[in-house]
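Please find the structures below.
Two complexes, one shared chain (subunit A), two partners (subunit B, subunit C).
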Partner chain A sequence: MKGRSTVARAALVYLASIAAAFAVTMILVAALGFSPWRALRTLVTTSFRTSFGFEETLKKTVPLIFTTYAFTIPFMIKFFNIGAWGQMLFGGTITAVVALTAGETGLPGVILIPLLLTTGMVAGGAIAVVSGVLKTRYGINPIISTIMSNYLAIQFLNFVATAGPFRDPTEGHPMTRRLIAAATIRSWGIVPQAVVPALIASVVVYLMIRHTRLGYEITAIGYNERSARVYGINFNRTLLLTFLIGGALAGLGGTIEVISTQRRLIEGFATTSGAQFGMFGIVNALIVNANPIAIPISAFLMSVLLVGADALQRTMQVPVEAVLLSQALAVLFVVVTRERLRSR
Partner chain B sequence: MVGFSSILGQIIIYTTIYSLVALGIVIAGRTGVFNVGGEGIMLTAASTGFMTAYFSGSWLSGYFVAALTGMALGLMLVLVHEYLRVNQFVIGIVMVIFGAGLSDLLYKIIVGVRLQAPRAPRVPLIRIPGVSTVPVLRALFNHDPIVYFMYAATAIAWWFFYRTKIGLETRAIGELPQAADVVGVHVRRRRIIATAVGSSLIGIAGAYLPIFVTGTYNPDLSAGRGFMAIGIAIFAGWRPQRAILGGFLFAAVEVLSFQLQLSVPGVPFQFFLMLPFASVLLIMVVFRRFIDFPASIGKPYHRE
Partner chain C sequence: MNNHRSVVVRLKSVSKRFGPVAALRDVDLVVASGRIMGLLGENGAGKSTLMKILYGLYSPDEGEIYIDGKAVRFRSPQDSILYGIGMVHQVSTLVPEFTGLENIVLGTREGRFQFSLTRERKKIQTLSAQFGLLFPLDQKVSALTAGEKQKIEIVRALYRGARVLILDEPTTSLVESEFVQLLTSLRRFVDGGVTVVFITHKIREVMAACDEVTVLRRGEVQGNLQRHEMTKDSLVKLMFMDRNIAVTESALPLIDHVDVALSLQPVLSFDGVSTSTLRDLSFQAYGGEIVGVAAVSGNGEKDFAELPINPKRITKGTASLMGSPINGWSTVDVLRQGVFYTPEDRNHEGVLNEGSIVENMLLGHHRDSRFTRWGHFVDWPRLRLDTEASVSAFNVATPDIDVAIRRLSGGNVQKTILARAFLRDPRLLIVHNPTSGLDISTVEFIFSRLEGSRQAGMAIVWVNEDLDELMMLSDRIVVLNKGRIHGTFVRGEFDKLAIGASMLGESA
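This part shows the complex of A and B:
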């Protein structure tokens, strides 16, 4: 009984947030002198009007799911991983390096793709664990260290794309050579193959949280850190594991972005769609309140908005920041509402 | 090679940005409010402050509006935290996203895309007779008004926290709000005032970039300095006098890595751009003994 009312309540908060996001966007759009109804139609229907739009939406959903988990898992023990952005970029960068190097050996896709997916997870997990160790060994707040690692990863990505042996000399804008076909994944019709790892990861995370010892320890620390320590839970170990898993998932998101969407590494990816994934991963996680089932659904809806926002900018010249702004307000609204409901 | 005085002068300019933001974070932090939204406040104030200065032709009114913008966002942060009990870090992060969107949106709507980027009005330099010609001191005292403002703000903050009774009470709020409350200090009011004042300093630092340092507005021009200032505030152990030292250290890293980039051609420039961020982590590891937090930081206060 109690369980059902919690779900209903979560859904209510969530629906209210979407309504609020739309309301704020529409008011903004109207205030800017554009037609709010046309804008609304563009925002909601762009993803569903063409098969290209739908595929684009799913391609945005997948990295967003991963960056959301990257924030969510450490957040379950009340730690802030603001570094999903950098972990994703680092995973993507190392993936591109490995793909371009290993691609020349002529390995078949059956071996190459799992290798690349693992590479991204290892790279993202490694850079996140550094932040974890800085916390457990030196007491440095992960908010700081993860943000700093974002900036390090951005420059590293730009370095790999701009300089050295990987750059494509025929392109004006700095980017690496195109990945060979065996190192990329495609789509089944309008469904990108990238949704498979995203769905598997969602199920695995859900099972981990609900049905493993680690998940139990994470939940226990989330409820009450002090008593969890008293009962013998190794806090530092759990903290490192949450950062490792979160970072690995973000890194996997970077791999998929590189092998599925871009099929090469492009300088400036960090500050365009890469920044969107980093930022909206946090937004998404805060909205769904770390509910592992709601994350993929919410990531899809958010991608619909992002694709719609791009179209809005193209067709109506509504600045894309209008949507960013309303998303931030929507989070604030959701968080406040949830807090009011809880304290009652 | 550029002269020593000119590099030192350049470092002082960047010190101003870092120190003012760090000072803003320190002032709020002393009452227990951890403002991690500095980056968003900087960006928004940079946008509003620059546009005001550009359209009015007065740099002073630009900084004034920037301070007001910072104050408004700071109030939003502290009021939502204190009255609606939302986690400070969550609001802070929301504030960053909000600020990143709002700053560019406002600029796009009001100024739009122009062939020639609008330039801020010229800011006069203030020279102190007798001091401004001495070689090293010249680099410290031959600057625009905001540099002097930063010196003054740091000195006043130090004097306030360590030499006045209200300052002592305010520090007590950060350590043990219950005790401060018992002796009659209005905890919430102090927190609100401190966050508003601190955020207005952050706003001024944000506007300093487009009005003086670059002269034009660009998206995302704070480039992570609002986050690095959090590192400075922590490194400074929440003391104003150390915040200016930390600001100087970080500014020196930034300016010197830029100089190195020009004089060491073999190394890809991206690695020099990494230096300031890497040194934040290094400095925090090295100086971790000095790091302590106000005990109540991050927690809303309720009388219960």
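This part shows the complex of A and C:
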């Protein structure tokens, strides 16, 4: 319910910050001896030049949307969920276990897919709510407990992929067997089916925050915890719910990554693209200031850069780090400008 | 003017702006030595700002300060202390974990290399005795009363060599007998060569304490009266000038308090209720009455005000609403029964600062079926309609209801909080210091609202730091001391000294 000028000013902040970040990155790229113009073109247009590139971009966007929400919702009451990464991995791992087990029973996709989506949400929510309870019961800072839960989830994933009964003995690198077709989702042309749950989740989160009592209670605590408590808002209950919902969304992201992109569980996924989703979710949330409407858009733009960065490394041998630097700079510029504008 | 007295402090054409607000405009003030100069004006008139400039806390945008005829420029209170200016603020600045003695010597420049607490103790004892400011030196300040803390602050200023003592609203948390004591001390200061500037918004106190008064209104000097020229009418006129509000000698708006029939059953009733801080309370509030609750700050009045909406805190006894026990109920359960509460600390406990007016209006009504749809959804359209109506009924000055509440002035924030309380006509309203820091027209508005609600049959529990206010509007005054109900006074038998004694825990 902000005025139009505020929106325009916010847009200007973002555009200027991103342009500045690109400028610095391109200077760096030029200093490394590459053509900055070609690099920029690769970075920005790879997603749109080929249908494969576009599909790739959307496939990255979806888990990123989920991990961003996972960070954003507890962040609305000023708590840091650094565990979207682990919650996503845990959701994905349990999904793979259930899919591989249930796959033997020959359940049809219409039953199997909803079952797997639910599985991911329950698993992700469960591991996140542990951090919530550690906070409400024992006062343990969720930053610590969620970071630790990441490592648990990474090791658990690697264990299932490597040592469990699900391992594919024909593959050299440790990974589970392939999921059966009924347990996977595909694409309609260049649009992965995975965007459907992501869009539904975005709408649901938006409605939850802006139009439900729970959303109001979360907002109120974020504004002023003391006043919210005075007027009977149950702080502990709300805290647990934000971690539960955030974790469930991260877990759902993990499920979708497993059944749509990986279609099996691969050892090391946790620390490659899994880590990207986990950490960039936080970055993405901070860029858009936890604004639920801007999250899908920003997640898409970030995925364009991630896909472009991969292409840059493949085609021009520009190190991926150069591009990651531009993202870091963009975040810094946006955050600094926003704070300066606010304090004025 | 007393030409035989030398001028200690002279402020010449002082102006100060805070953003778009002119706090002081071209103010001149002359303080002669050995006098008690009153600085009178309602809240926001610029009294404290002017004295904070003299004390070096603010620097003036324009104008000069002369001490003993010499132009000075203070960059901080450290500078002004060197010139003998001392100030006692409205809110205690003492370290609660230190004793009185430790607080006084804290930050002193005395004896940097060979500091002897025994010697300083002697000095402090002499000062205390000379001016009649007695207090325990070796008890932690957190265990002392507001009056004792004030004495410590005064002695600290004198110990640091203050010749000019600025007292900012010194009576706010004092009971009547402590005020009388303070008057005696003020005379002794003057006899001891100390000049006093006495900031207050109460006409009665100026007439009782001051040799001379300067009246400020909206940052401008309205006039200067000598003791023999002071009358209630002349002071009221200078203070309010163009405003059509009838005021009492405490400079409170005059409200017509008519008789109303009480409800048969108490709306709120405590029967031997104890909590971790309150002991054995038996208390009733009936529909159609205002029950005032008076206490020296820190005697459980905050917990008392919060208790009706937090019945889970009860460890013993029974609390009832309209005859039904509410022990173990949650805040939301109580609020749903038509109870509303407005806390003392409105910015930290009363509102969601970052939120809009509409968002703030929902707080406390967020579980009320009136503003929800399908169980879990907020009925924003309905809330917006009700908020629009309520904001205009309570004269909240705002461009629209989507403005962040932190953009509003203190008075408008308080009106919004009250508007929220009345969003659904409450049966029981608990208000804690609703008028503190507000200007007279807002105070009058709040008073007339309380009186109107009382006439409409509502029960009002009014916890308030200002006894004058309580005595104007309450049907009964209940006194809290150390978490117990120490006395009850009925309208018609209100006696400031007796109530004050009871607040200090003395038996009647």
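Basically, the second predicted complex is superposed on the first by the 342 of 344 C-alpha atoms of A that agree within 3 Å, B and C clash if a C-alpha of one lies under 4 Å from a C-alpha of the other, contacts with A are read in each partner's own complex, and residues count from 1 in each chain.
By definition in this document, a residue touches a chain if its C-beta (ideal position, glycine included) is under 8 Å from a C-beta of that chain, and two chains touch if they have at least 3 such contacts.
This one's a predicted model, so the numbers in the text were calculated from it and none came from an experiment.
In the superposed pair of complexes, A:T219 makes contact with subunit C only, with no contact to subunit B.
Of the two partner chains placed by superposition, A:V29 touches none, neither subunit B nor subunit C.
Of the two partner chains placed by superposition, only subunit B is touched by A:I282; subunit C is not. Of the two partner chains placed around the shared chain by superposition, subunit C is the only one that A:I233 touches, whereas subunit B remains out of contact. Of the two partner chains placed by superposition, only subunit B is touched by A:A163; subunit C is not. By the touch criterion defined above, A:A322 lies against subunit B but remains apart from subunit C after alignment on the C-alpha atoms of chain A. In the superposed pair of complexes, A:V331 makes contact with subunit B only, with no contact to subunit C.
After overlaying the two complexes on the shared chain, residue contacts for A:I82 are found with subunit B alone; subunit C is out of touch.
Subunit A has more of its residues touched by B than by the other of subunit B and subunit C.
No residue of subunit A contacts both subunit B in one complex and subunit C in the other.
Those residues of subunit A lying in contact with subunit B across their complex are 32, 80, 82, 134, 138-141, 143-145, 147-148, 150-152, 155-156, 158-159, 162-163, 271, 279, 282-283, 286, 319, 321-322, 324-325, 327-329, 331-332, 335-336, 339-340, 343. Those residues of subunit B that touch subunit A in the shared complex are 36, 80, 84-87, 89-91, 93-94, 97-98, 100-102, 104-105, 108-109, 220, 224, 227-228, 230-231, 234, 268, 270-271, 273-274, 277-278, 280-281, 284-285, 288, 291. By the touch rule above, subunit A contacts subunit C in their complex via residues 1, 211-217, 219-220, 222-224, 226-228, 230-234. Of all residues in subunit C, those touching subunit A in their complex are 306, 309, 330-332, 334-335, 341, 343, 348-356, 359, 362-364, 366-367, 372, 376-378, 380, 402.
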